[in-house]
Amino acid sequence: MALRKLRGGMVGGGTGAFIGPVHRMAATLDGEAEFVAGAFSRDPKKSKQSGEEMGLDPSRVYGTYEEMAAKEAKLPADQRVDFVSVVVPNSGHFPISKTFLEAGINVICDKPMTTTFADAKALQKIVKKSGKVFALTHNYTGYPMVKQARHLVQSGQLGKINKVVVEYPQGWMSGMITNPGNSIGMWRMDPKIAGGSCCMGDLGTHCENLVRYITGLEIEQVCAELTAFVKGNRLEDDGNVLVRFKGGARGILYASQISAGEENPLAIRVYGTKMGLEWKQEDPNYLIVKDPGGFQTRYSKGNNNLCKEAQAAARLIWGHPDGYIEAFANIYREAFKGIRALNAGKKIPVCDHPDATDGLIGVAFIDALLASNKSKSKWTKMKV
Amino acid sequence: MALRKLRGGMVGGGTGAFIGPVHRMAATLDGEAEFVAGAFSRDPKKSKQSGEEMGLDPSRVYGTYEEMAAKEAKLPADQRVDFVSVVVPNSGHFPISKTFLEAGINVICDKPMTTTFADAKALQKIVKKSGKVFALTHNYTGYPMVKQARHLVQSGQLGKINKVVVEYPQGWMSGMITNPGNSIGMWRMDPKIAGGSCCMGDLGTHCENLVRYITGLEIEQVCAELTAFVKGNRLEDDGNVLVRFKGGARGILYASQISAGEENPLAIRVYGTKMGLEWKQEDPNYLIVKDPGGFQTRYSKGNNNLCKEAQAAARLIWGHPDGYIEAFANIYREAFKGIRALNAGKKIPVCDHPDATDGLIGVAFIDALLASNKSKSKWTKMKV
Amino acid sequence: MALRKLRGGMVGGGTGAFIGPVHRMAATLDGEAEFVAGAFSRDPKKSKQSGEEMGLDPSRVYGTYEEMAAKEAKLPADQRVDFVSVVVPNSGHFPISKTFLEAGINVICDKPMTTTFADAKALQKIVKKSGKVFALTHNYTGYPMVKQARHLVQSGQLGKINKVVVEYPQGWMSGMITNPGNSIGMWRMDPKIAGGSCCMGDLGTHCENLVRYITGLEIEQVCAELTAFVKGNRLEDDGNVLVRFKGGARGILYASQISAGEENPLAIRVYGTKMGLEWKQEDPNYLIVKDPGGFQTRYSKGNNNLCKEAQAAARLIWGHPDGYIEAFANIYREAFKGIRALNAGKKIPVCDHPDATDGLIGVAFIDALLASNKSKSKWTKMKV
Amino acid sequence: MALRKLRGGMVGGGTGAFIGPVHRMAATLDGEAEFVAGAFSRDPKKSKQSGEEMGLDPSRVYGTYEEMAAKEAKLPADQRVDFVSVVVPNSGHFPISKTFLEAGINVICDKPMTTTFADAKALQKIVKKSGKVFALTHNYTGYPMVKQARHLVQSGQLGKINKVVVEYPQGWMSGMITNPGNSIGMWRMDPKIAGGSCCMGDLGTHCENLVRYITGLEIEQVCAELTAFVKGNRLEDDGNVLVRFKGGARGILYASQISAGEENPLAIRVYGTKMGLEWKQEDPNYLIVKDPGGFQTRYSKGNNNLCKEAQAAARLIWGHPDGYIEAFANIYREAFKGIRALNAGKKIPVCDHPDATDGLIGVAFIDALLASNKSKSKWTKMKV
């Protein structure tokens, strides 16, 4: 039988935004959902216009998210949005998510989850109390080969994990003269909007999430140095971190926005007593497994030799590249499982998407980095 | 103002199909269209079931494409499908496309366009007479970096083109024991369904189309050897071709289904008097430009340094991989431009998608290969 | 016990030459030989000067190779050169090799072996009659991973070989304006010196040799098109060839000197019924083995998992790149085995270096290409 | 005029050694030197046998290095060795180098220079006092493309350097079960022989040297964590380091011997305000330059577009890979320049090889790492 299309709403993501359209494509890729409502901008006029461009019913295009939450909550169950995508800068994540969850509406939210640890703790509780689905778009874990990496590590094929190197260098802020028109991310340098961190909140948290997703290892302590190279940046645009994981593994984690010429090469290398592995976001459909005996084996997406999670996460067979949108769509697909279960009056099943706990850990991670950096890179415990 | 979502129909592509879902994702990725009707299988029961799974109105799910064309044509203009996607095996392309075009409905059709040259000629005329949009999904030309390659060649930056090497080796038929369950493409070996060619119709025509799209060069003569390595295959599963282009350039074109271990590495290298270039479908977001002075420069998708067509064809910025679906969606997006123009009572503008002429050339190319092969690889003129 | 250093002589390879120094480094790399004599140039003055620069005894630096052969032959056995390296343009290979062999001196000679088939036949006989070692420097077979490729194919791990693609595109003649100073290879375009072929003699014969070395397959027929793109070039600078191997395998072989921006990317792909493999000269320490099940495995030089020939051919362990000189040195090392056996009064053992039969096949291959090209790319048998 | 071949001696490097043969091949590759003497093992019998295998005059094969230094020093100038290669484990570097320098013989020595800072300081003075050439084989700086990287940075093309990432992960100790026969490097874990560090002395010092060579940046402070993962290893087999350079640049430096499946991928990435660059030892003939505008340009060895140092360091033209031995030979070639100057009674010119000051800095770097690690990764100043 056909599944009813879920009805989505969006806060943020109006005309000209980068991540809004990604959410719209990702949520609707499989024909499982459609967007019917939104508060696309803090400027009501701009919000209206964006809604119009998307062909929405004007009565469902709101001037503020508060209005949207209030009015949507009052709509009959067969009209009301099933979920809201929160795609605004960091400082909006908490109040908006809170508002919709308390209005009984499921939330898919951008990361980092909040700008303070207190908010993250509070939101985790609100999610729990609401009984609703809350998904955080650490989208990189949606890639099929990340799931295969997780499978290889967690099924013990690498042996005991001793070392992890995870990196996320970007270069778009380098010089900050070469890209004069690139104003799309300027809010990231504003503590009022971004929170206490620029680079590590934006990129470093993806690293932390990716390591934990693949290895299951939890960070115990960090030793961090954060630097602002861009003139006038009050937050860091580069961060280098030594990591101690619980259980004895050691690691390096770094992120950067001033690594000139780098685009988006998030990458992870995991080394166990038996084998190593490597995955790179810019070449996402492959996973390299390194055998100390002299072989490196490349697994590729869409083949039957992969674990079932990796197979399920691929939309196309081998050699037909799945991209960023498809990985992002996998986060949505998992969130939709939970939403459909709730809609059917069932319990939320185990879904393979980052949630409020992941969000909390991410914020705790940022806090630990900030504390370590402040204390001249002293080893600092992560407190969750 | 919002664009009305175009209404799509589909012939073929029922449950379990490979290319049907690709068309659905590609057509709807940008929120420009939705599928509302279909004849998804020659088995009416299976068609119904597929329609149901997609959540379609049962009255718009048909048992045959003839019924679908007849009934859709009679629907009021504000309900009738705007286009039909023809995603059946080769032998169906001609009758189905013909039927819908003659019913006044735009067509997006899989390649090769027809199984005979006569049908191709006829269909080209039917398209012309109908005044409708006809797009052929040589989808690889939808990739942004293919458009950049085209730009570099056609703006003269490579100098006069002397040599082209284009290849498309797959390995899924190799041994044909290693993939016992892989029955999805078995019809490709059946002359009644596939036409006169297996490998070259499926893969070789993409090569021909890609060369012509990028370089503008037209094939004058071919010298071909086609071989069936798979036991029982009455059509070829491997083809090697020497090519003479009009104007003096020379080339190699080959395709294969028995190149064990290859997935989908369609690739092209173009060499001019000044520079060379290389593009690989399995790493689609990059283009390598080779300077005889000792530099190789990698252009990457989503950057401002690219031509406007390449920029427009990217859905995401640098470092965020666009995949196969996104490239496929670009074919649809261009077809939709034409359809919207017709809907608005305007002339079809120049659209960047393969059309009936491309389809005709593709079929002529297959015919020339078959003739050359039959004559012991004699140089054979392409007749269009 | 220490091995006596073999005494080498050289014909050609004077100051400014490219391949002469390569031979000198390759022959002496392992401390097995030293050069003590030479006729380094047809210009006696230049020859003297080159000998002086190398620190040779002036009495062993000759004005002509005839003088050198005559005088060296008369020296006592403990002074006479053990071998001569023939590193002159093609037309010199036959007379020089003949002269030294007939003087009882072992020969290491550049390829192609001769400029005519008759000479090749004659030289093969002369070698046989002389009982001396004759090694032809198809140096690429000296790379460790080429030996591993050979092992995998010949031990049946790829299954029955169906398809081979071998290519050797260079770009240094492209435009022929971009490299004005590059006069080092101009003789290659002169039929009097180069013989009947420019590109295929220089590069194509390496392809033929590499395929045969790895797969053991013999070419039965070729279908070739040879083209001169460079203005004024009386010989071809680009050649595209369809190949039929004995036993039913099919292939593509091409070489080029006008593939703008290519440096020296000789590459081979071999596909069997079970697996495929790929090797690239510009990344020589790795071999990719492709499994149709979705794995690609990279073997790397210097590991214990390789066949003993590949292990023996590596001078350094894993991760420490062996280069072109080391591969070249492996040809010499094998020739030295034979020379030392002769010196010890023993029979020449089986040595892993190209010999006069390989040279003859190479020349027959060129002849077949020229004949096919002349007959409008008719399938032409290789006659050895 | 011909250059006289320099006469070399060797301490260590007997039969079965890894680095001894490398030194022999590297020193003799260009025909500039030959080895005539040695003390190849602390076991006089083994030393004799090794000398015999190399074909040396038995009177020049010594039982101890002290004997060798004493006797060689007394030989007439036209027989005495011009230089000695010291290729023993770390603890031997100081006494052996000291002995030969004080005997008036030039020294080429493996790294790290000494096992203690005091020894390093002392040796630096001894070198100065001796007036002799002392070269330290940080061989990776011998690669042509490392010289090009240095040129690009130091000529300002990258802008002001802000960030450096340098890494050297190996995997041969991982598990330490998978390579049971690999006993060749076991001394590296013995503090008496290796000194205070295993991994960082062996690999980390190459990182430090490479960064300084390319960027000219000097390390001001380090924040290090060193770990022994291999059971029973009293020294570290993995080290992760945050780095502060003088002038404000920040960096990451890490090395490892337990990164399972890694072979020898020393790599460096340097980011300036204008551009970034990347070089990898396992693919040494290329250098990637990254432009924030969206281009990555690959420079390749042996081309005229490179700086003159990079051109001079290549033995072969483009596309003909230079390997590890050739890079190593470049260190020797530069040392030979100095030795020939001394032999000619001239001052030692500026030579492009690591020297005693580099050695001292390397040892100071190790000491700073050990101190930081001991103090729970406190930022620790490098004292030279």
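Letters A, B, C and D mark the chains in the order given here, with residues in each chain numbered from 1 onward.
Going forward, a contact is a pair of C-beta atoms (placed from the backbone, for glycine too) under 8 Å apart; a residue touches a chain by one contact, two chains touch by 3 or more.
Quantities reported herein were computed from a predicted structural model and do not represent experimental measurements.
Most remote from chain C, judged by the distance between CA-atom centroids, is A. Two chain pairs, A-B and A-D, are weighed by contacting C-beta pairs, with A-D ahead.
Chain centres here are Cα averages; for chain B and chain D they lie 55 Å apart. Inter-chain spacing, taken between the CA centroids of chain A and chain B, is 34 Å. The mean-CA centres of chain A and chain D are about 43 angstrom from one another, to the nearest whole unit. Counting partner chains per residue, chain C has residues 262-263, 293-294, 296, 300, 304, 318 touching two or more of them.
Partner chain A is touched in their complex by these residues of chain D: 158-159, 162-163, 165, 167, 169, 171-172, 174-175, 178-179, 223, 225, 227, 229, 238, 240, 242, 244, 250-252, 254, 256, 258-263, 269, 271-276, 289-294, 296, 376-379.
Residue ranges on chain B touching chain D, taken from their complex, read 293-300, 302-306, 318. Interface residues of chain C facing chain D in the complex, by the touch rule stated above, are 1-5, 18, 21-22, 24-25, 28-31, 52-56, 170, 262-265, 281-285, 300, 304, 315-326.
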